[in-house]
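All remarks here apply to the structure that follows.
A, B and C label the chains in the order they appear, each numbered from 1.
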Amino acid sequence: MPQPDLADALARLRARGPLVHNITNYVVMNTTANALLAIGASPAMVHALPEAAAFAPLAQALVINIGTLSPAWVEAMEQAAAAANAAGVPWILDPVAAGATAYRSDASKRLLALGPAIVRGNASEIMALAGDTGAAGKGVDSTEGSDAARAAARALAAQTRCVVAVTGAIDYVTDGTRMTGIANGDPMLSRVTGTGCAATALCGAFLGAGLPAFDAAIAGLAAIGVAAEKAVATANGPGSFQVALIDALYTLDGATLAAGANLR
Amino acid sequence: MPQPDLADALARLRARGPLVHNITNYVVMNTTANALLAIGASPAMVHALPEAAAFAPLAQALVINIGTLSPAWVEAMEQAAAAANAAGVPWILDPVAAGATAYRSDASKRLLALGPAIVRGNASEIMALAGDTGAAGKGVDSTEGSDAARAAARALAAQTRCVVAVTGAIDYVTDGTRMTGIANGDPMLSRVTGTGCAATALCGAFLGAGLPAFDAAIAGLAAIGVAAEKAVATANGPGSFQVALIDALYTLDGATLAAGANLR
Amino acid sequence: MPQPDLADALARLRARGPLVHNITNYVVMNTTANALLAIGASPAMVHALPEAAAFAPLAQALVINIGTLSPAWVEAMEQAAAAANAAGVPWILDPVAAGATAYRSDASKRLLALGPAIVRGNASEIMALAGDTGAAGKGVDSTEGSDAARAAARALAAQTRCVVAVTGAIDYVTDGTRMTGIANGDPMLSRVTGTGCAATALCGAFLGAGLPAFDAAIAGLAAIGVAAEKAVATANGPGSFQVALIDALYTLDGATLAAGANLR
């Protein structure tokens, strides 16, 4: 299967410097903004109900992450997604801990119904969204066997007509027909909070660079995976890894990304 | 007095990988989650009123920190604490800046009445809770003479029947009868925001590992104190210290913790 | 034109250790608090409506940053500003992304009418406040030609009788009559989120140290600019730069600040 030209994707992102509108959780706002700045995008964190819908059409992509929800935020997310749709701005949904509480599952399903270009989650989140009752409530980092996760991702993509990215030891991206694996990254990613959220935001940045959703998801996950491999080589633990990951996203060049990406 | 087996405590924490539910302040959410991940726990930051009470029983421990309050959050904290009590999930209270405003003092007292396993604060916070009018409003880092702080901690513990940890140059943990000092740490801890909040969360992680409250408080404070001593040795200032502290929590082993802890 | 004695300003700040009350955005709360701790101030992040006005008079300076607004927060900002005015506590306004949405422009104008000692923004924010329709909606990092920005800053200062600081490749501080440029810093500052917010907070810290507003703005901008020049020398990218910047603020001494500041 032909794979996206990742060097070209990164060059396009940096040439365009897309404004990425984020409605994301409090835990990761700072690190997400820094990951977007490092890769070459221009982040804006705008979640308030009186302005979220007004801001979305100004951006080249919208990232909606439900990590820390409240009723006013869910409403702002729905309004921003609708405004993005109306303006032709592509958006990505990160259904953090969907399945862990009814509140999160409900919010995820309402947002999913609005038609994101990409959904990015871990195995338990994607399985919860796909209606698989095998997903259980172990926080935000649960994983399941990758076969079940892949099947859930494919089913969800086919059902919703959006691209689904399920991340784990190997990440998979599917549009319901095609399925590409990305075998990059490092276990240290799971010892730093917000790396999954940053991965989602990077996929959003590639959406904002004009890539098709399937290619944008692959590019975003490959970028953080290749950067993580570089970062872990100099890290003494998760603190220095988090710092080195931002440095590695900043210094990542197209040739390194294309050569390092282990797509299958 | 026999002291807790800190090497065994850390081994238990890492074997169990407890899910720690945090309702904490915006300033430290990221660094608290990373401290918990580094020590080996699994953090979840869930504060919204529609889900806080539903989530608390899923966790092995609950951390409530009032650093950035709002009316909806206080209600979520109370509901989560009640749900944790009903489910037998131990919880810890960090009464940030209690005494600085009436709003904080009131919220602290309402939460305290719900029966946390541990209260962790600095001298002025613990003195404010103990009804000592000597505590004044110099932000969130005030300290008082350690004799007065120890007396306030002992009185508060006796009155509330919970373990009280008062931190400062030397930390003290008391259940109203026993009193253990922990003489670790470094002044650099006070030049990085959120290290007290991280200490509270680490105590919560040891609660979630199944330790009795008195031992959990000692273990959490010893862990951050020993890690801080290691971190400061390589730091060039508070920025690199914050990074090195997370690395040090991650690389901390039981033997180093047991040997390094200066309990008295 | 005589310039402020920056070595003396820094010595005063560290001697006084001013309590700086911040109502700032979620993205930068942690890094702002750490910048204030590093320079020698004592930060408190207190934004809740039930306590913001009660807390403001306890501080030596108040920082209001509209990066992430909501209706309740705008009300808390207005109450805190009024309470600060009544108590003689100087305050600084950071009108983040004013001009990008009507909501932000309105909030900025309402706060501006309450009389801050300093307004610190980038060119597009200051131009939006000055009523210049040339400011457009490219996120929070827009820049315009420095001539136009300086003219807007001078007009805004003359109209509002507060000191206006407009930051960019060269920063300018004006009270409507005087105009001082600060040619320090590094382009890497624009690749880390929240450095502008930190600059505002540092100006607030110098206000809290008792400096006149014009001098405080120059001192705050010179401090972060000189620190950034030191930090970039050891950084491998924006991640390590962010860490090194905090270290550099901590290790900055008066002689280095005075010698390094490029005032014009």
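Going forward, a residue touches a chain if its C-beta (ideal position, glycine included) is under 8 Å from a C-beta of that chain, and two chains touch if they have at least 3 such contacts.
Only a predicted model underlies this, so the values are computations on that prediction, with no experimental measurement involved.
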item: Inter-copy rotation, subunit A to subunit C, in degrees (Cα atoms; steps of 5); value: 120
item: Self-contact between copies subunit B and subunit C, residue sets same or different by half; value: different
item: Distance from subunit C to subunit B - Cα centre to Cα centre, in angstrom; value: 32
item: For subunit B, residues that touch 2 or more chains besides their own; value: 26, 30, 242-243
item: In the complex, subunit A residues that touch subunit B; value: 25-28, 30-31, 67-71, 97, 100-104, 137-141, 190-194, 235-240, 242-243
item: Residues on subunit C engaged by subunit B in the complex (per definition of touch); value: 19, 26, 29-30, 33-34, 37-38, 42-51, 54-55, 58, 72, 242-251
